[in-house]
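Naming follows writing order (A, B and C), and every chain is counted from residue 1.
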Amino acid sequence: MIEINNVSKQYGTFHVLTDCSTKVAKGEVVVVCGPSGSGKSTLIKTINGLEPINKGDIRVNGTSVCSPKTNLSQLRSKVGMVFQNFELFPHLSIIENLTIAQIKVLGRKRNEAGDKGRKYLDRVGLKDQAAKYPAQLSGGQQQRAAIARALCMDPICMLFDEPTSALDPEMVNEVLDVMVQLAREGTTMMCVTHEMGFARKVADRVIFMDAGRIIEDTSKAEFFGNIEGRTDRAKQFLSRILQH
Amino acid sequence: MFKNYSWDWGVFLQPVSTGEPTNYLGWLLAGLYNTVVLALSASLIAFAVGVVMGVLRTTPNRWLAALGTTYVGIFRNIPVIVQLFAWYFVLPELLPDNVGTWFKQLPASTQMMTSAVLCLGLYMGARVCELIRSGIETLPKGQRSAALALGLTLPQAYRYVLLPVAFRVAIPPLTSEMINVFKNSAVASTIGLLELSAQAQQLVDYTAHPYESFAVATAVYILINVIVVLIMRQVEVSVRLPGYIGGK
Amino acid sequence: MTAIDLLSDITNSLPALAAGMVTSLKITAIAVVFGIVWGAILAVMRLSSFKPFALFAQGYVMLLRSIPLIMVLLWFFLMVPQLIQNLFGVSPRTDIRLVSAMVAFSLFEAAYYSEIIRAGIQAVSRGQLSAANALGMPYLMAMRLIVLPQALRATVPALLTQGIVLFQDTSLVYVIGLADFFRSAKNIADRDGNTVEMILFAGSVYLVISLLASAGVQFLQRGGRYVKVG
């Protein structure tokens, strides 16, 4: 589904990503973790071309993201993305947030898009909030609405960029619950997150990044089950995460 | 300081001494009409050009951004009166002969109004451009990413996501610019367009009552100011977003 | 007309153009200095808890900001001779246009400067004023010694940028017939019949000066920020 081959990216002399390669198969849930500044957010944003790369190639469902011939908008409409700061559009009501891309990008009829939007709002538990504006919702509600917005596009895979790190602690779980449910339904997912509980519960593989490189790319069982077999960096990271 | 000055507010109702069938108040009203026509036409141009250039300055394309930057650099750094003289005295000379001749055969007032509208429109457009640009730039960077990630094209992202919010952010400073268009329109008096301030000056020559005539013109400008503020406040309230504080 | 003709035209008129530029710069300098001083006073009045002061400052700023600069110039050109006669009991013999322009620009720009300075004062944290008061400083002393120096330093770039706007605005003295740089250029154009060239030349001179000055302000601003961080 997603193939990342030898991807490198640099700003001037600063290497954000160095020779990163990995694959995400259909139905697979991959969690990407690592200390801040390790390049994990940048990596996930390269997958739908929000961050251009200097070297390597990325393919989504066989289509190259980096080729100038690719219709990026079309490709992006099939890849759902959830952002750290929700990024709902403040001037649109929640239901309009969910329908605008369906109407403008996929060309769906307004009522068809509305039906789909309400269906997904119901699924994330926000049926009653359709007419409200983003600023009237709590952070957790906004993030759930943002997930629903991405799902409305019928994506072939979902990208999550630290979806819970801007949330107050008491709201983290309501968002994680939605993500766990998605994972259990077989959604192809790549998640940048520090929530190791989420990783233990639903991840198939765990990728650990540091200083722009993929240092570990192993099964969940190996990553959490065999602490001794981890690199020093990953051990350090895990112990720091577990302490707090 | 007015001990030798004889006030006469009735002067406005006297018929004008040129024999035209009107009084001096009529002259002032004709001036007000020109001021309003000039300011409103110019603000339409300023808004259209300003939005386009403001968007260009925020696009990832370096050449388009440079085009916007150059426009702002030129039109903000030459005094408006010099720009006006350039539009009115210079441009017709530089146009192809037939176009220049055609322009010079138009009624004088049309020539002046056209030059003044274009001048003020592009001069104010540079300021609108900066407001739109900073409106867009105060939006969180993730908004653009989120719009693109949903598959919206860049123009769609501007049309449906970035600009609607940027406009709302820019309303208070746009209000000041709307007032400025009216104030700056007085510069058109220097090429002979008989707008409000020019009529006030003309009244000084004809009536020898400068204080009354300036006072009335000044009061009208203040009134225009108040009206613009009230209208823009209505606009601001009607597009306000529930719960949204603005910007970052 | 060739470029060489134009060059010789400009060279021949150089003394007049230079004198005009000196007039423009004189007005600018005077208005910047008096505008900032009077603007600072207005800003402090505006923020004072003594209502009449606050209302006066607010009314002054609102009034001057809603009138076209051209009207302000005309008003002062009308009133300044009267004032001089009333204050000094002499009828002005010298050319009062320059004086009128200087007075008009100082008072007009003060309204704009006061808004910039007011924003600067409000950006200085309220704790600063409280701390100064706690040390026993009365309001005006706290403003003068503690708040205003910080506010002015923070607003230097905005004040200088306003100065560039002001420099361009001085060209509007055209309406009272004062021979500043632009009026001199136009006078020469009318005499020599080279309107196109002289207007373009005048525009270029303003453009170059304003761009250089803006670049200077930006340079200062970057320097200022660096110092602040370090």
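Descriptive notes on the structure:
Just so it is clear, a residue touches a chain if its C-beta (ideal position, glycine included) is under 8 Å from a C-beta of that chain, and two chains touch if they have at least 3 such contacts.
Remember, it's a predicted structure, so these values are computed and weren't measured experimentally.
Least step count on the touch graph, subunit B to subunit C: 1.
For subunit A, the chain whose average C-alpha position is most distant is C. Measuring from the average of all protein CA coordinates, the nearest chain centre is that of B. Rounded to whole angstrom units, the spacing between the C-alpha centres of subunit B and subunit C is 22. In terms of their C-alpha centroids, the spacing between subunit A and subunit C amounts to 54 Å.
We define each chain's centre as the mean of its Cα atoms; on that basis subunit A and subunit B are separated by 47 Å. Contact residues on subunit A toward subunit B in their complex (touch as defined above): 45, 48, 50, 72-79, 81, 83-85, 87-91, 100-101, 104-106, 132-136, 146, 149-150, 153. Taken in their complex, subunit C has these residues touching subunit B: 63, 66-71, 74-75, 78-79, 82-83, 86, 164, 168-169, 171-172, 174-175, 182, 186, 195-196, 199-200, 202-203, 206-207, 210-211, 214. Looking at the complex, you find that subunit B touches subunit A at residues 140, 142-143, 145-153, 156, 160-161, 164-165, 168, 241-245.
Those residues of subunit B lying in contact with subunit C across their complex are 1-2, 73-74, 76-83, 85-86, 89-90, 93-94, 179, 182-187, 189-190, 197, 200-201, 210-211, 214, 217-218, 221-222, 225-226.
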